Amino acid sequence: MLFQTAAAVAGGAAPHPLSGTAADWVWALPLLPLLGFVLNGALAIFGSAKAGPADPSAGSHDGPDAAHGVPGGNGQDDGAHADAAHAVPSQRHPYAWLVSVIGPLVVIAAFALACMICVAMIAAQPTTPFIQRYFSWMPVGDLSIDAAFQLDQLSMVIVLVITGVGALIHIFSVGYMRDDPGYPRYFSYLNLFVFFMLVLVLGANLPVTFVGWEGVGLCSYLLIGFWFSDRANADAGKKAFIANRVGDFGFMIAMFLLFANIGTLQYTEIAAAAPAALPAGGALVTTVCLFLLLGCTGKSAQIPLYVWLPDAMAGPTPVSALIHAATMVTAGVYLVVRTSMLFSIAPAASLTVCVIGAVTALFAATIGLKQWDIKKVLAYSTISQLGFMFVAVGAGAYVAGIFHLVTHAFFKALLFLGAGSVIYAMHAAYHETHSHEDAQDMRNMGGLRTAMPVTWILMWIATLAIAGVPLFAGFFSKDEILGTVFARAQGSALSDASWLGIPGGALLYGVYGICLVAAFLTAVYMTRLMLYTFHGPNRTGDAEHSLLREAPAVMTLPLVVLGVLSAAGGFLNDPSFLPIAPADMLGRWLEPVVGPATQQITRGGPAEADPRLSAILATVASVVALAGILVALLRLKPAALRPAREPQPAESKVESLLSHKYYVDEAYDRAIVTPTVVFSRNILWRGVDGLIDGLVNLTALISRWLGDSGSAAQTGETGTYAWALVLGVVIVLGTVALRI
Amino acid sequence: MLADALFFSAVLFAIGVVGVLTRRNAIIIFMSVELMLNAVNLTFVAFAQVYGYAGQVFVVFVMTVAAAEAAVGLAIIISIFRHRHTVNLTDINLLKG
Amino acid sequence: MRELLLSAGYDHWILTVLLVVPVLGALVVWIGASALESGGGTDAAGTPPGTAAAARFARWVALLTFVAEFVLSVGLWWSFDPSIDGWQSLISVPWITTWRVNYTLGVDGIAVVLILLTTLLMPLTVMGSWTSVREKVPTFYALMLILTTGMIGVFVSLDLFLFYVMWEVMLVPMYFIIGIWGGERRIYASIKFFIYTMIGSFLMLVAILYVGFHVGGTAAGQAPDFSYPDLLARLRVTPIAARWLFGAFFLAFAIKVPMFPFHTWLPDAHVEAPTAGSVILAGIMLKMGTFGFLRFAAPLFPSAALDPGIRAIILGLAVTGVLYGALVALVQPDFKKLVAYSSVSHLGFVMLGIFAFTQQSVQGAILVMLNHGISTGALFLLIGMIYERTHTRQISDYGGIARVVPLFSTLLTFVALSSIGLPGTNGFVGEFLVLIGSFRTVPYHAMLATVGVIFAAAYLLWAIQRILFNSLDKPRNAALRDLNWRELALMAPLVACIIWLGVYPAPILRRTDHAAAAFVQEVEHGSGTQRPSSRVAYAPGARP
Amino acid sequence: MSGGSVHQALSVAVSQAVPLPGSPAAVAPTFDLHIPSQLTLALGPDIVLFVGTTVLMLWAAWRPDSREHQSNVGRASLALVFVTMAAVVGYDLAHVTAGPGVIAVDAFRWASDLIFLAASAGTIALSIDYNAREGILAAESHVMVLFATSGMMLLAAGRDLMIIFLGIELMSVAVYILAGFNRRSARSAEGALKYFLLGAFSTGFLLYGIALIYGATGSTNLTVIGDRIHLYSLAGTPLVTVGVALILVGFAFKIAAVPFHMWAPDVYEGAPTPITGFMAAAVKAAAFAAFLRVWLEAFGDVVYQWHDAMWFLAILTMLAGNVVALVQRNIKRMLAYSSIAQAGYVLVGVVAGTTLGASAFLFFLAAYTLATLGAFAVIVALGDAGETQLDIGDYAGLWTTRPWLAAAMTACMLSLLGFPIFGGIGFLAKWYMLQAALEASYFGDAKPQVELAVMIVVTSVISAGYYLRLVTIMFMRPVRADGGAAGNAAPRAGHLTQWVVGVSVALLLALGLAPAYLVSWTAKSAPVIANRPTYLLPSSAIPPR
């Protein structure tokens, strides 16, 4: 074996059950995508240096851009003149075929490896994490941070999601991005993202997780701003990075607090030391958890740091699917579960997680009701669903949270890829006619089901899943969340705690209520999306209508796989009242990881709600979901919509508030961004710096003024000099005499 | 006796100083300086009454030096008069600042 | 390797050789170039062909000298034994016997690291100036070489007299480099730089003499003692005196760092200096200040350094610097000025780390010094490259050039990210250690400084967005040339260092471990009667 | 006194004046100054110079004025200076000493002499070129320099107020003449007149002071004065008080301490440039040498009386000199104020009043002399006939046209600023002076003169404003459209001027790198005069402040 493998417990004599199995190869998991990044990156930077001017078939105008793998503006737009000049789209990167192989292959390989490891893990049934230590990263005094990976049931689940869903999205991207001149760059970023995401999940201590944490933020930044020539895209990338940095501030402070108080940052050691070192429910652990929560709200786009995610839709759609729906944004949920040993002894912090999740879920869902951009709807939907996950992990339903994370990855990836497929078709059509209409505006769609039947069906599956229609994946996970929250409202550590003076029990009932409303709204806005996009008359335009067609197989195939998963993924954690599949698989799988924390929350009681109660709650949830769909179907009239280019009917005040997203962006801008810039420029730079410089220059001026005065005293007249001399005599005489 | 002589020489010295301070003609100023030197000579002579010949020797030195100074000084004054046609010090102020 | 070097007596002569080689190089440049210039005559166009030959000669000699210097300092790195306390490669020769001034050189881990930084950056600055410096080329490189001697001298001097001499020696070449080869307001900037620095250092001079006498004894005939190990061992001053003396050292170093509010010379100097000047200034010379705190100010006067009031002021200024530098950087229209203010911010971290007095924070501070040298040096080099093409530093004159100069853009983004402190790059490790260490002793300061991390992302990302991204709306930028092989080659070592130090900083941390521990120990326990440091005596392994 | 004993003493003195290699210093001769022949021997170098000067004076007057004659007399004068230097070095190496008497035979004297002689040599060398360019044909200028130098040597030697008075006058009268030597220049004449009148005026005060001290103690011999003040507890009596104050005034005028400095800028500006250098370097140094000796040998006991006055003068001089120099445009005038400021620094060595102070004093004078001479030599080298280009703006871009001269000027400026390595010895001088200030224990309470030390560095920072401005102008500004001093293409500097620039700057830099010998030399030269046991009073003897 290449690396030394340590037993989970330092000094443990017995080798870990996973050592000697495929798990020994865990280091290769992130390294595979990293390899892809390096190769694709090299192709992006140097790949076509030779092919550029030397290749006579390459057009003159695409030399500088294509040669270095940087797209000129929106890659799809640039295709316009390319097509006009050449029969083959010469914008395509000369090594695109190689990239198409490397990019997806490394992720597929990683997925295969993950599956092998998973098999080994199923066989070994380890009760402690498998830790692989590579080298000492920051050995400083009593601080010892190792570059080490930790493999346990939790990370295994997420690794499978990342590599599995990731592989599908990579394959989809081959079709979606193939003609973009920045194709190798795109894949190198995407590979890099997978690498960092795996580091995040596999990190055996907080700093290594933080590497991945910020690394995925970086990739997100790069991919959001992938078509950077458009200022809005570049702005969105920057906004995402900075909002995340605000969250990272919390993450860092939490690390500092932990190190200062328990002297370690390694998960296993924190878990071992926390109960003794941190008094349960005490201010310290609550503070730590709240700072961690700040980090999570940044990464997972919760109130107050959610603002970056809608803007992040500026990136290519597969990116939105992978990063801003399936994986990265769920990192916050992962972190709460990962540090559940802390959250479980800080009920107030847990309740805060719950409240933030619930409020975000409702808030984002309302905004989703009035968005026209198909991706924006999905973005707010993502924020809302992440809110559900937060509610779950806040209520100590760690399994439910992870469960929803997994199913959400399936159906939201499907929704985004489906939307991508739609946008691809729309764009191709507009491209053909050289029109500059918005390819993402639902008002320009309508009736697409005839042109894109596969996409239509698959998206309906995903919609039913997210709405929580029974037997689809989302039903199971969302139902479990609602059920657990309801159950926790009585007789748990949370219900006895209080939050800002509100009793925990009452609060949790409130959260449950909010979640129901949010679930209802979810069904409404998703149905709205489907209606406006696929049903009713087509509004794309007369010329374009006939040009709309289904995406190629390389794109639809991943959709199909995801469709299957969205439909059947719920059986991963089949509730006991619905005996279709082996009950509670995920819960039992995660037991070694979240068991102690769950026990702490439930005070040793059962982790699940009573089956009869669950069945009742599930029925309620199903009714709400179906009601939402029904309401939308009845109330919305796709036929009445006008294309975006035509004048729109006036909005009511509420509608306007929703379509402007409650003016939160504007408020942040006025309250934080502008004042900071103005304060820095006028007070700090011009003011303080000017003052300091002024004082310095004033000193020089005073010296010169003194010099001028002295110089003026030198009149050139001997008489003056004689007087000065006598004055000096008097001074000297006086000084000498007075010393007597 | 000694006190009288010292007092008288001090007054003489002061007159010399005042002369330097108040007059504007280079030659008169120079004469005032000579007055100061002679006041000092008087002091030396007076002290020589107490301590012996050393003071008187000093007086001889001073007188010699004063003569040399006078020669040089007058030459300089002539030199300046050639350039400026005046020996009034208020008019001689090319150099200042 | 270490054995091989030691068997050649490496630790006896290496430090002296490091000081002498650049001076010899400068002499060769000067003499050779003069010969070439006078021999060339004048051609028809009126430009003497000898000048071109002399310039070429000067460039190559300077580059080769610096490469040799780098190789030598790598040897020093190898010959340094991180496992022992005290000074290594120690050498002490009487210089001015009457004053008891000795030529005493020695290194600890901190010095070794900073020397390596210096010798790494210097050849790169030569390459960076290869085509941008066109006038008086031989003098330029000769000054750079002499400057190097001064900078290395500061790191290796263990005699306060020698230290002061080296400290001042740095000043003059830099003054000329800014003043002769600088931008439009170069004269103002160079004089401001010179006088600002001098104010501090002259007061330090008085303080150095005072402590020398204090240890040497004030009775007639007893010469003062300026040996740093002696001072560490025997210096005892009253708390009041310590406060004043510390103040004098503080001023000298705080101006050099520069700490808020002594920083206003920096933006001017950075902006007006030629690329090489900016790189050296930011990359190395600013470290002199923080190095001074680590080496002299705090260990010599622990009672003052630990004084709650003084410490509160310094920590307050450090944190103010972090935030202030970042906020002001945010609104700079000039990219070099932006980086200058970002230096104020970064060095604030260093000061916070030093005066938090924990093992982590101090080693973190050393790493930040190193990282800032690499990242900011790289930033200035990149700015220099693009400036050479466009002759403007205004951010608003760029925009969207990423599609024209992709290599440049990739590098600039990468370096900016390391400056932001992205984990996996060098910037993170240093800042993280500083903050996590500081949090143990001064949590609120550390928290405020952590806010600076957010601002860092804001100002740099905003700047690179306005330069690289957005639309390419200035026609003249469309014809920019991308980096050539020389420029890529000079960036390569820096990029390698950024990744290396981010992923595997342990070699650095191992080497600075003992020195940082000694520092903390000296400060924490030095105000008692017993000086606990391991650095007061000569290292057991060293052969004086 | 028998002829035999004279012969004996002479032979002993002569045989040991030139020490054999390896001969122990213990057998060095001690002159009995009451024996005229031995006194004559003790004045050996002074007599060599004086007699030689007289002969040259006659030769200079003998032949009609011409360019060659001027140059020849100048070269002969140079030779005479070098011969005298050799004699001084011989005496110094022989470690001769003397008993009580009117002159001192000690290392301090030889050290000071060497500084004066070096300055004279430089001045004469510069004058030869300068006079040729300015059309000054009178060869007597060199002789006058020699006469002034004779006076200086007397000043360094004098241990009797009478001798010191003679030295001052011999020096001053010669310098009055030199200041006005350029008869075609109204400025030169004006400067000479001012110098003469004010100099004579200040001499009056000095003399009166001497008379009062004589009246108080009955002697003009420094040793005797010191002993008697101590023995009869004369400190604080009116005669001694006023006497000390007036003598202080006299010296303060000669060294141009503020507020007695006002003549200096005018005279320095008006005088021919080499003479300005001579005044700034040698004349000032000589006055200082005598000042220090008088103060430490005669007035050690009244330290608490004069200390504050001199402390005050030192601070005032440092401040005013540097601040006013900041606004000067004329380079000679700027250097005049600079030399005033430097006098302030030297005063610190006197105020310190310790052995270390005296060593620092010597070292500082040596460094200052070299730097000043070098700077004025560069000005001479760059001057045109009539010296119309003395504005500092005229030096713009000098580096591009005359790089070596610009570099030399920079070294001198940095030296005066007190910068190490690039300023050579200047930094060491300042370091030494700071050392003296910090080591000084006055009033027996071992309190270092921290305020003076801080004042030195603070004013040094101010001085950077003008020293650096010149460097900036030379290196960083382009050559002016009208050329200025930098634009004059033809190399006008004579060989001798180049030698002076070269030697002084080379010495400046070399001694900056290897100062050990100079330091130990000044250290050993100083203590001889500053070892009075009465100097360190017990603190109980000190009246409360």
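By letter and in written order, the chains are A, B, C and D; residue numbering begins at 1 in each of them.
Just so we're on the same page, contacts are C-beta pairs under 8 Å (C-beta built on N, C-alpha and C of every residue); 3 or more make two chains touch, one makes a residue touch a chain.
Note that the coordinates shown come from a computational prediction; the quantities given were computed from them, not determined experimentally.
Here the chain at the heart of the structure, going by C-alpha means, is C. Ranked by C-beta contact pairs, the top pair of chains is A-C.
Note: centroid distance chain B to chain D, computed from Cα atoms, is 26 Å. Chain geometry summary: the mean Cα position of chain A and that of chain B are 97 Å apart.
As a whole-number value, the distance joining the C-alpha centres of chain B and chain C reads 64 Å. Centre-to-centre, using mean CA coordinates, chain A is 38 Å away from chain C. Touching of two or more other chains is recorded for residues 711, 714, 716, 718, 722 of chain A.
The set of chain B residues that touch two or more partner chains comprises 17, 20, 29, 89, 92-97.
Residues of chain D in contact with at least two other chains: 193-194, 197, 201, 265-266, 328, 465. In this structure, the chains touch in the following pairs: A-B, A-C, A-D, B-D, C-D.
Interface residues of chain A facing chain C in the complex, by the touch rule stated above, are 45, 64-65, 68-73, 135-143, 147, 207, 210-211, 213-215, 218, 221, 225, 228-231, 234-235, 237-238, 241-242, 245-246, 248-249, 252-253, 255-257, 259-260, 676-677, 679-681, 684-685, 688-689, 692-693, 696.
The touching residues of chain D, when paired with chain B in their complex, are 162, 165-166, 169, 173, 176-177, 180, 183, 186-187, 189-194, 196-197, 200-201, 203-204, 207-208, 210-212, 214-215, 218-220, 265-267, 269-270, 328, 333.
For chain B in complex with chain D, the residues that touch the partner chain are 6, 13, 16-17, 20, 26, 29-30, 33, 36-37, 39-40, 43-44, 46-47, 50-52, 54-55, 57-58, 61-62, 65, 68-69, 72-73, 75-77, 79-80, 82-84, 89, 92-97. Interface residues of chain A facing chain D in the complex, by the touch rule stated above, are 700, 703-704, 706-708, 710-711, 714, 716, 718, 720-722, 724-725, 727-729, 731-733, 735-737, 739-740. On the side of chain D, the complex with chain C involves touching residues 354-356, 414, 419-422, 427-428, 431-432, 434-435, 438-439, 441, 446, 448, 450, 453-454, 457-458, 460-461, 464-465, 468-469, 472, 475-477, 515-516, 519-520, 523.
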